[in-house]
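Pasting the structures here.
One chain, chain A, appears in both complexes that follow, with chain B as partner in the first and chain C in the second.
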Partner chain A sequence: MGQTLTLSNVGVALQRGGRQVPVVENISLSLAAGETLAIVGESGSGKTTTALAIPGLLPEGATVSGQILLQGQDLRRLAQRALRKLCGARIGMVFQDPLAALNPTMRVGAQITEAIRLHLGLSRRAAWARAVELLNEVGIEGAAARAADYPHMFSGGMRQRVMIAAALACDPILLIADEPTSGLDADLKEQIFTLLARLRADRRLAVLLISHDMSLVARHADRASVFYAGRCVETGPAASMLRSPRHRYTCALLRAAPRLGGGVPAAIRGAMPEPEAFAASCRFAPRCDHAQAECVATAPALTAAPDDEGHIAACFYPATTPVAGMHVPSAAAPSPALSGESLRVEGLTVRYRRGYRSGTARVAVQDVSFQMAPGECLGVVGASGSGKTSLAHAIVHMVPYEGRVLFRGEPLSTLRGAALRRMQLVFQNPAASLDPIQTAGAAIEEALELGGLRDRRQRRARATALLEQVGLANSLLDRLPGTLSGGQAQRVAIARALAAEPALLVLDEPTASLDVSTAAGLLTLLRDLAVRLGVGYIVITHDVAVASVLAHRVAVMQNGRLVEIRNNVPS
Partner chain B sequence: MLNKLATGAAPLVLLFLFCLLGPAIWPTDPAALNVGAPLAAPSLSYPLGTDALGRDELARLIHGGRETLSVAVPATLLAFTLGTGYGLIAGFASGILARLLMRLLDALLALPSLVVLLCGAALLPLNRVTVGGLIGVTAWFALARVVRTEIMSLRERDFAQAARQLGAGPLHMARRHLLPNIARLLTVNATFLLGDSVLALSALSFLGLGVPPPAASWGSMLQSGIGLMDLGAWWLILPPGFLIAGSLFAAASAGRMFLSEASNQQTKVFWFFSSEKNSLPSS
Partner chain C sequence: MGRVAEAIATLFFLVTLTFLLAHAVPDGPAYAILGLKISPERLNALNTQFGLDAPLWRQYATWLWHLLHGNLGFSYLQTRPVAAVIGAYAGRTVVLYTVATALAAVAAIGFGWLHGVFYRSWPGRVCSGIELFLYAMPGFFIATVLGMVFGSWLHVLPACGMADLHQAAPGLADRMAHMVLPASSMALFVTPWLARIFAQGVHEEFSRDYVRTARARGVGFGSILLRHVTPNAIRPMVTMLGLSLPAIFSGNVVVESVFDYPGIGWLLWRSAVAHDYPVLVGIVLVLGVATMLGNLAADLVNAWLDPRVTYAE
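== the complex of A and B ==
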């Protein structure tokens, strides 16, 4: 069987600060019809750059070397126009954020039609019929009517289906899906992947899947390639590779992913180097526990593993034991003497009015009751739309609610000032929760100032101490949020919350927007802080594994109701 | 970046320099009558000619500019303060008050400002204070609306929620988070307001409702020049007209510079809103 896509020795250099900086080098991959190849890696590993190089969608000033063959035709030899024409028809792209990729002012049918008419030359009517057919194929109910809807009228999962329909418009042979399910909850993720699997089988599509989620890759890809710092460090059959990884980075990545009963996820120390600092030797060596002199001197070549066919890794000292036994043993969940009562919630109901004057209301949270001891960590899990975020917002009194919430014995509605500050919310998106024109130091100092700390010098010292407490260097004090990484920003947000000396910290999806290894580091930190400071958490998450790492008890929300609350049994 | 700043702001700076330093460089008395040379064409002794009473046109332009700015700048500040203040309050308000404030603003926006200006000028005694006040009071409606929209979106953002969680009140929010975040927008609008004020004053003066004689402004000079158009005295029409149009251009140019500068980097223009001067990046 011929390969649909072959990359050999592909390198990409991007224009950065007036210089050409190689961000991807020496990538060789092949992908057959009906096969799914996953590229796995953290942000900055070059996986998206590689994918964008295939249809020539890299930014101005980028140079690509090597060979990119689509059904034997070298895409790099084609002129711009011919490339656009070929790729438009043969390659379908699905992006991470469908709302950004879809034009908000166009009906979805028209957006799909646009591509069909451009590349297949069908009449307006025939193209519209084809669009409806495609929407039907990707599982949109009442496709004929919904084709006339605008993107914002679709839910997140449905929107991604629309994107997929648009990508399929011209019967492509290759589908490139860049993190197609990030931002969707577990159920929707499964649904999208099931859909992709079906399409792949029905249409004999070759699917290039880009993801940082190892468990999804293991279940849904035939083969996987792990990227690190612009290089492919390991390639092999997905299932066996993730069961017995060879490269030390792959092992570390697997250990960093939180999983049920897997204990504390192990963060990878250090950070991935910036492209300007890429070394000639093994780029993972500075973060690797197994690195020897050889690793920092030369770069290992991709060599075949003894176990099975097509499994290759670039590591001098590859792992030989399967990863299953490699999880750090659970450091038994911290259990302070859970007595007394910190928070009591009785019959909490949150309603959102639908319109200005309309009498109808949507009930987001219905009759939820529970209580928490001081220092206790409660995980709240549920699918998106189950009301868990509304619950969190009601508890910190950000939205109006019915029912009773007692914080440290006092009704929430009577709390003012200092008493209210003992409860803090940490937001899902760390970048948005920091004022873009306020430095990290100023943000923390402001929190201290609002707490009544007048002396500027003391504030500065305390801010430095808080930063240190969340594992950040004080050199970050003068940095604006835009220059911080996601993990750093979230730590600053946590430091700011800690500045109020809270008794209860409400964490709304604290790791959802972070990379696997960054998230693992943050979870370790949170767990550490809980023990050291005796602060209680409410952890809102759609990832049961995250809750299981932090929580003493886990509450399950469904359709606005709390359906179950159980003890979290540490493994 | 400095280059770009300089190019964009250059016309505005030149205009101010012309008015402020003009008398020092060209010290001729603008009110001195020279009966011997009425309507003299531009020459070495009168670079821009003389008017019907033999007054030096260049000196009159300089003093007219000072007169214009001395009314337009305070008017701009007044409009800026009113617009920002009203926008802030309307952005913070909720429920019936918010709706009331918005309806009132809509009504004000619906008023044709020239008509209001003319009515006001007809009713009030004309001097710098009343004319400047009139212009300021009629110029802030659009700014208020823009500010309100921005405040409403900013106050719902996560970082604003976070500040409230920490106990920040409305004043603190406005001073530390909201105003600094719209500083760029405010700066741009302030520049545009200045251009608008110059134009409004010129229009009033042209219609004879500006600052009363002997004080001259560009608008009234243009008006008297047009009366003498038949005599071919182009030097009485072109220069004041050019300066009025030029000040609009200068304001727009400076505004555009602020916009483009701030969009790729938060400029330090916001610093004056923040009492925490150390909230600036040290770099």
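== the complex of A and C ==
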């Protein structure tokens, strides 16, 4: 059986700042029908660029070199028109963030029929019937009625199913899915991966899957390729390669992924270079603990692993022992003796009114009670929609609630000013919670001024110290949020919260918008801060592994109720 | 509910302000009606006849009371009810407005496509230059130049009036010919910035993820522009069109005056010159209501264009 897709020595140069800059180079991959090949790697490593190069969807001014064969046909030699005939017909694509990737003003049925009518020439009616069939196939209930709905009327997971249905509309032979599950919670991730696996088997699809969830990849992909700084550094059978990776970057990536009972994930120090700064040698060398003179002098070639068939890695000093057991022991953080009471929540209920007139209300949180000791970290986990964020917002008094919340012995509703500021909330999306026209320094200083620090020079010094505490250089003081990376913005938001010297920090999905290695860095920081400052956390997260890294106890929410609080098993 | 209350409050404020301004003019309406050389007795008689000698608050209260009963007052100049006066002129302006707005929308969409698709390359820059140039032109200047070129020099189009007075019953063709210059002048006032807003929308929408999805589906450029980008890009323009009714109206005053087209703008101009303030205030009220209806219409069109928009009752 020939390969469905073969890339040989594919390179892509993108127009950046008026210049063509090589962003991806020397990529060789192959993918057979009925097979799933996963591409993993930090964001910016060139995964999306590679995927877009296949159907010729790169932005204007991009140049592609090498060979891209779809069932033996070189796509790079095809005329625009011929290539367009393949897009949507032989090649289906699913993108990250289905809310943005679907047209908001077009019925989902119409978005599915678009390709059908274009490529298969079906009548409007027949195409619609086919769209309903497809929605059924991807597991949308009441498909016939829902086909007429608009994208915003679906939940995140359902939207992604719609995307998949649209991509499969014309029975493609190749499905390219670019981070189809980022932003979804663990359950939904699993469901989408299972769906893709089923479709792949049913239709003998070749699936090119981009994801940074290593454990899902290990379970669902046949083979995996690891990308770093525009190069493919390791390829092999997914399960065995991720169990015993050879390239040092793959090892570091795996250690950075939070795992249940895996201890504190180890952040990879430094950052991936921008394409302008790509070196000719091993690009991971500046961050690698095993780098030798050789690594900075020349680029390692992809070489086969001794006893794993099809497993190749480009590393001069590959790892030889499996990584699964290699977790860093828990940070030197003996849990503080937890006693006393910092927060007590009794019978907390949050209702949202539906409309002005209709008396119906949606109960987002129902009758939740728990208490926390000073310095304790409580993880709150649950699927999206289970009421986690409403609970957090009620605790910091941002939404009206019924029941009692006592913070350090006082009812929350009676607290004012400084006492109230001892509890701080850090939002899920740091970029959105920072004022876009206020520099990082000004944001922190504002919080300090609110706290009563009048002297400007002292404020500046304290802001610098806070930045340092969250691991940021003071050169960031004058930067606007828009110029910060996701991880940096989240750290600034934390520094601003710490300016109030809080006793309790409520963190809403602190790592959801960050990639694995950045997230690991942040988790390490939070763990550190807890020990050094004795601050307690409530960590809201859909990722049980994140909770297990930080929390002493984990509370599980389901449909607005707290169904379980358990002690976190120390690793 | 809130929207209606807000609208009423705004209207009330607007109307009161206009009433006060109309009464703040130095010589008062009576001079305007009878000329400056009238004898004091006739002035007094007229003031008594129209109730102009009462204290201002009383005039205001009476007037408001009548307004609440749907009575807009009485025109000094034309000696008939304001409602009748406005009614006689409004129809022509509505027709002119509709034609001008349709022209402007069509021109803005065509121009905006060109500008939006080539936003960063030279055709886009040329479009942008033309828009800024037209935008900077004063309205009366555009109207006068159009009138001179097409009316006086080329003699291809009538440059004044609303129909040929030598004909007993002006036909539709004749009325339309008289409409061309005023309507295109009015359209020219607003087209540049409507086109600009639309072009920006087109440019932005082209960079959205769903466009990439459509391309990945094999949809060609034309369909992407028509079926995907335009319905999304047009919403800000529709909102602006609704909000810009007053701006179009100020253009309308200029156009109707320059082309001597007897509509509401023309009436406003005449009434202002003549201090016929009941008519002035009446026009302001009608315009206020029209503006609010315009905004409402824009919202409704947008709600129809964008399924995500729903209004709380």
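By our rule, the second predicted complex is superposed on the first by the 568 of 571 C-alpha atoms of A that agree within 3 Å, B and C clash if a C-alpha of one lies under 4 Å from a C-alpha of the other, contacts with A are read in each partner's own complex, and residues count from 1 in each chain.
One rule holds for everything that comes next: a contact is a pair of C-beta atoms (placed from the backbone, for glycine too) under 8 Å apart; a residue touches a chain by one contact, two chains touch by 3 or more.
The structure displayed is predicted, hence computed values, not measured ones.
Student: In the superposed model on chain A, is it clash or fit for chain B and chain C?
Tutor: On the superposed model, which is not a single observed complex, chain B and chain C clash.
Student: Quick check on the superposed pair: does A:420 touch chain B, chain C, both, or neither? Answer first, second, both or neither.
Tutor: Touch status of A:420: first partner only.
Student: Report for A:119: first if it touches chain B alone, second if chain C alone, otherwise both or neither.
Tutor: A:119: touches chain C, not chain B.
Student: If you stack the two complexes on chain A, which partner ends up touching A:85: first (chain B), second (chain C), both, or neither?
Tutor: Touch status of A:85: second partner only.
Student: Just chain B (first), just chain C (second), both, or neither: which does A:475 touch?
Tutor: Neither partner.
Student: Considering only touches as defined above, state whether A:105 meets chain B (first), chain C (second), both or neither.
Tutor: second
Student: So, does A:500 touch the first partner chain B, the second partner chain C, both, or neither?
Tutor: Once the two structures are laid over each other on A, A:500 reaches chain B alone.
Student: Select, from 24-32, 114-122, 150-158 or 258-266, the region of chain B that bumps into chain C once both structures are placed on the shared chain.
Tutor: It is 114-122; the other listed stretches have no clashes.
Student: Following superposition on chain A, which residues of chain A contact chain B and also contact chain C?
Tutor: none
Student: Using the touch definition from the top, list the residues of chain C that touch chain A in their complex.
Tutor: Against chain A, the touching part of chain C is residues 208-210, 212-220, 227-228, 231-232, 305-308, 312-313.
Student: Considering the complex alone, what residue numbers of chain A touch chain C?
Tutor: 55, 57, 84-89, 91-93, 95, 97, 100-106, 111, 114-115, 118-119, 150, 152-153, 163, 166-167, 355-357
Student: Which chain B residues qualify as touching chain A in the complex?
Tutor: Where chain B meets chain A, its residues are 157-159, 161-163, 165-168, 172, 176-177, 180-181, 266, 270, 276, 278-283.
Student: Going by the contact rule set out above, which residues of chain A touch chain B in the complex?
Tutor: Residues 396, 398, 417-418, 420-421, 423-425, 427, 429, 432-439, 441-442, 445-447, 450-451, 478-480, 493, 496-497, 499-500.
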